[in-house]
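Two complexes come next, and they have one chain in common, chain A, joined by chain B in the first and chain C in the second.
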Partner chain A sequence: MSAKGVLVRVSTYAALIVMALATLFPLLWVTSIAFMRAPERFAGTPPLWPDHPTLVNMVNIVHQQRIGYYFLNSLIVAAATTPLSVLVAGLAGYALAQAKFRAHRLVSWIVMFAVLVPNQALVLPLFEMFSAVHLINHYAALILPAAANAVSIVLIQAYARGIPADVLDAARIDGASEWRTFFSVVVPLMAPMLAAVAVLTFVVSWNDFMWPMIAMQKVDMQTLPVALASIDREHYQNIGLMAAGATVAILPMMFVFLASQRYYLRAVSAGSLTD
Partner chain B sequence: MARLELQRVSKLLANRQVVLQDIDCTVNDGELISVVGPSGCGKSTLLRCVAGLDKITSGDIRIGGQRVNDLPPQQRNVAMVFQNHALYPHMTVYQNLAFGLRVRRVARAIVDARVRRTAVRLGLEALLGRYPRELSGGQRQRTALGRAMLREPGVFLLDEPLSSLDIPLRAEMRRELSALHTALGTTMVYVTHDQSEALSLGQRVVVLADGQIQQIDTPDGIYKEPSNRFVAGFVGWPPMNFLDGDWLENSGLDAHCIDYGIRPERLLLQPSSSADAFIAGRLERIESFGGEWQVEISRNGSRVIARVAPNPELRRDNELRLWFRREDLYAFDRATGRRLQG
Partner chain C sequence: MKSLTALFFILPALLLIVLFVFVPLIGVLGLSMTDFNIYSLANGADLHFIGVANFIHLLHDRAAWQGVETTMTVVLVGVPATLALSLICALMIESISARWRGLFRTAFFLPVVCSTVAVAISWRYMLNTRYGLVNRLLAAAHLPTPNWLGTPSLALLAITVVVVWKGFGYGMIIVAAARREIPDELYDIARIEGAGMMQQLLRITVPMLAPTLGLLALLDAAGYWQLFAEPYVLTQGGPMGSTMSLLLLMYDRGFRWWRWGVASALAMVLTVIMWLFAWLQRHTRAVWRGD
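Moving on to the complex of A and B:
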């Protein structure tokens, strides 16, 4: 390797390490705070490492704050939203990419436009709609609006354009119905992008705050981020409790990312779909 | 096996552009017919219409006597081999072969037996566990053929199946295809832009241009008795010479509203008792193909090519006479392009 090549490689790694540290540092710090005793916590800025690690915050967050309850709410919502949203976006994205129908351009434009609408702008009309059908304080209030996500549809549409039309025609001539073609040929070919969309959907659902706060007014129905925010309001000086809640909230996402990173990376680096 | 009938089949695009016009053609049961034409002539569209992938605007398509105009592809009893093979990239060779039977809910044991039998026939038995990306071009082609064969369709549609292969492999696959047709006895429609492929494979040949059938005949008939100037010029290599301009000025032939053409192999270096007419021009180029030379003469900017036996006496830039028999000339109406007989 030339001297220049070495330099490029070293600086690439240096930049990546800096970025990785910048991303990981807050996570590690929060996790570290979650295991600190009270005196350490109150001494101004918390130290980076607990002198006397303890589980007291964890025990409190589970017992006093019933975090398991909110965790379960979040899990139910995210676990229901993810497959539903992937199915809807998969079907819609594939149809927009490959099917020929009259209003094709119009529908594509509407979906593109929907990407540009901020979620905050939807809160009021959503609340009116879900109040009207008495679904406020139901899981459905969080699951249904997330089931059709314009960003997911656009991502899958772009990916599905790469499926060779001949392969789809071959499936039709082989005798497959449109549904069979979709599930036996299209879904396996789009698997990397579907996995990526699934991860994104799960993360967005898990982290969502504004709409769940408004739609879930009963404390019993609150999701984890909303519940954590109210811990912050009630125990504003108890930073250890907050950190413990945040640490628990991170775990499922870490699991989802680790389990799916193989597919996820393949989709992000957008491989070709040809044989 | 089935007979395929096309009756006044037309296809127009949304913008009224004509892709196919009044196609009338019958492919007999067990016949291999090739469809040839320049790119954009509508030959692939014709195949897609028969397969049911494209809708026709008017006319009728019958397969085995049944009108199939409104049937989806899966109900038409056809199989198709695509130009780029169109194998399912995420399935192994075995799964690719089995897919058509599996979606038709054929019992697993029967599927397995048929897949293995076909694989043996096509020399794919060692490759059943491989994915398409792990196959060579020829192996992919055989897999695509096998996938179509397994279904035992009434009509076999092939859309330029050899065009993505390199030339030696193409010749080999052409022989295999021909043998396969003999063995299977299935009705086949073979679309190609390569006229030599069309002539060598087809029992009959359909020449298509601008969405219209120019001629349907045996390969010999197409070559020897082209029905119009287009067919005459399209079929044969090097193409037929058209003696436009003043090539025939002292031959006594009426070149007024008639175009004359002659095949390159019908031009001779020496006169004979029957070959007593000639054209003359400057020898521009000699191209050797080993046992045969192609010589090109020009006159006032117009060129004529002849296929002749190697002759070391030929010199470039000399005046050269090429002799022919008058009955070897083809005459075409200049206005319509139609062949004039006699």
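Moving on to the complex of A and C:
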């Protein structure tokens, strides 16, 4: 390799390492601050690493602020939304990709249109609707609207186009019903995309902020980001406490992501290949 | 698959979309043409159709114009910055040995999956004047150390930085996938023809990635138009309304002042702006495809 080639390689690695550290730094630092005793008393910048690691902030955020409670709310909502949303989108995406029927154009148009609606702009009438049926402050208020995810349908539809017709025909000739064909043949074939959409849905649900803040008026029903934002309004000055809260919200997502990275990244790049 | 079975498969999705997208959308449009406020909430009779009066009110509302300007600034500054970072990181990652790629990809993608509220809290400490690391680094380089979140001219810049930091990893994955689709032969030929690295980048890589970058620009823009959680946590729209995004303004009018008519009109403004962008997306992609 030429001297110039070596130089380019070395500087590429150097640039990547610097950028990766800069990207991760805010996340790592806040995690580190979460384990410092009274970081707000430091005269200047808190150190990068706690000199005497302490669990006091974690104990406070769990005991005084009941963060575990909100964590559970978030977990229940995300865990209920994900399978429901994937099932609904899986059925619709598969049918749109593989079946010919008269309303096909209309249904595709409805789905594409739904992709283009900024869902955060809909919170006012949604609030009215859920109030009317007394579902404000119920998990259902967060789960049901998230179950209709047009982007998931589009992703699954694009993937399901690749299922060979003869595989489906073979199942039908064997006498399997459409329902059985879906669960025993189609679902295993679409597994990578379904898993990807599942992880996307879980993360979006976990991080959702505006609608949960509006729909969960009762403190007991708040999700983690909503509770975190309201604790933040009150305990803004308590850096250690807020850092501990942020850490509790960030770390589980990091683990979900690291464990499911392969599928997650596939879903993200599939988004660029549709239509 | 029979038509009836297919419709049966689609029905749950269709019902949910109609119920939670179309009905509320019509609701927003309807509300935007009423004087729905805290009094109508208590007494339905106190609700009147007022046509486009809310939109005319918004035309004369300085805060609404500032909201459009603020949000548009984040889109116009944030999208090119996000694209540049996505492109640079994707190309660097694709150029290094395969065994290290996963590590860097993970690092750049992690902010995308983190809770916006939590990362906004983290960034508030990064940007704090007393103990923030950003100003400490600037001081070490003998540069000015401003009060980022407390200065009207700088707060929006700081928020844009957070938005870009949180978003560029998404685009990086998409660009990297598109880069892998470019055939190696193109680069082989270019090398034989004597093209240098810079020329290969400008004559092959960037043109081949143009459609992907165009799509990404509009995806990012659609997300940035819906800016809400970052200013909610970092600045609450201040100082002096300099970071009051359209959605933050809608939330403020709707759930602090219960002026749902005006808030819905703001929601409609946002929706129409996003549709203009979607139209632009189809249009520009058609141009790139050459049809």
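Points to keep in mind about this one:
Quick note on the criterion: the second predicted complex is superposed on the first by the 228 of 275 C-alpha atoms of A that agree within 3 Å, B and C clash if a C-alpha of one lies under 4 Å from a C-alpha of the other, contacts with A are read in each partner's own complex, and residues count from 1 in each chain.
Please note the rule applied: contacts are C-beta pairs under 8 Å (C-beta built on N, C-alpha and C of every residue); 3 or more make two chains touch, one makes a residue touch a chain.
All of these numbers come straight from a predicted model, not from anything done at the bench.
Of the two partner chains, neither chain B nor chain C is touched by A:60.
In the superposed model, A:170 makes contact with chain B only, not with chain C. Set against each other, chain B and chain C differ in how many residues of chain A they touch, and the higher count belongs to C.
Contacts of A:189 after superposition: chain B is touched, whereas chain C is not reached. Of the two partner chains placed around the shared chain by superposition, neither chain B nor chain C is touched by A:32.
With both structures placed on the common chain, the touch criterion links A:225 to chain C but leaves chain B unconnected. Contacts of A:203 after superposition: chain C is touched, whereas chain B is not reached.
Looking at the shared chain after the overlay, A:147 reaches chain C, while chain B stays out of its contact range. In the superposition on chain A, chain A positions 273 are in contact with chain B in one complex as well as with chain C in the other.
Residues 1-3, 5-7, 9-10, 12-14, 16-25, 27-28, 30-31, 89, 92-93, 95-96, 100, 102-111, 113-119, 121-123, 125-126, 130-133, 136, 165, 169-170, 173-174, 176-178, 197, 212, 215-216, 219, 222, 225-226, 228-229, 232-233, 247, 250-251, 254-255, 260, 263-264, 267-268, 270-271, 274-275, 278 of chain C touch chain A in their complex.
Partner chain C is touched in their complex by these residues of chain A: 8-9, 12-13, 15-16, 19-20, 23-27, 29-30, 33, 39-40, 42, 44-46, 88-89, 91-92, 94-96, 98-103, 107, 110-111, 114, 116-126, 128-129, 144-145, 147-148, 150, 153, 168, 178, 182, 203, 206-207, 209-210, 214, 224-225, 228-229, 232, 239, 242-243, 245-247, 249-250, 253-254, 256-258, 261, 264-265, 268-269, 271-273. On chain B, the positions that touch chain A within their shared complex are 48, 51-53, 72-74, 78-80, 82-90, 99-100, 103-104, 132-133, 140, 147, 151. Across the complex, chain A meets chain B through its residues 164, 166-167, 169-177, 180, 184-185, 188-189, 191, 273-275.
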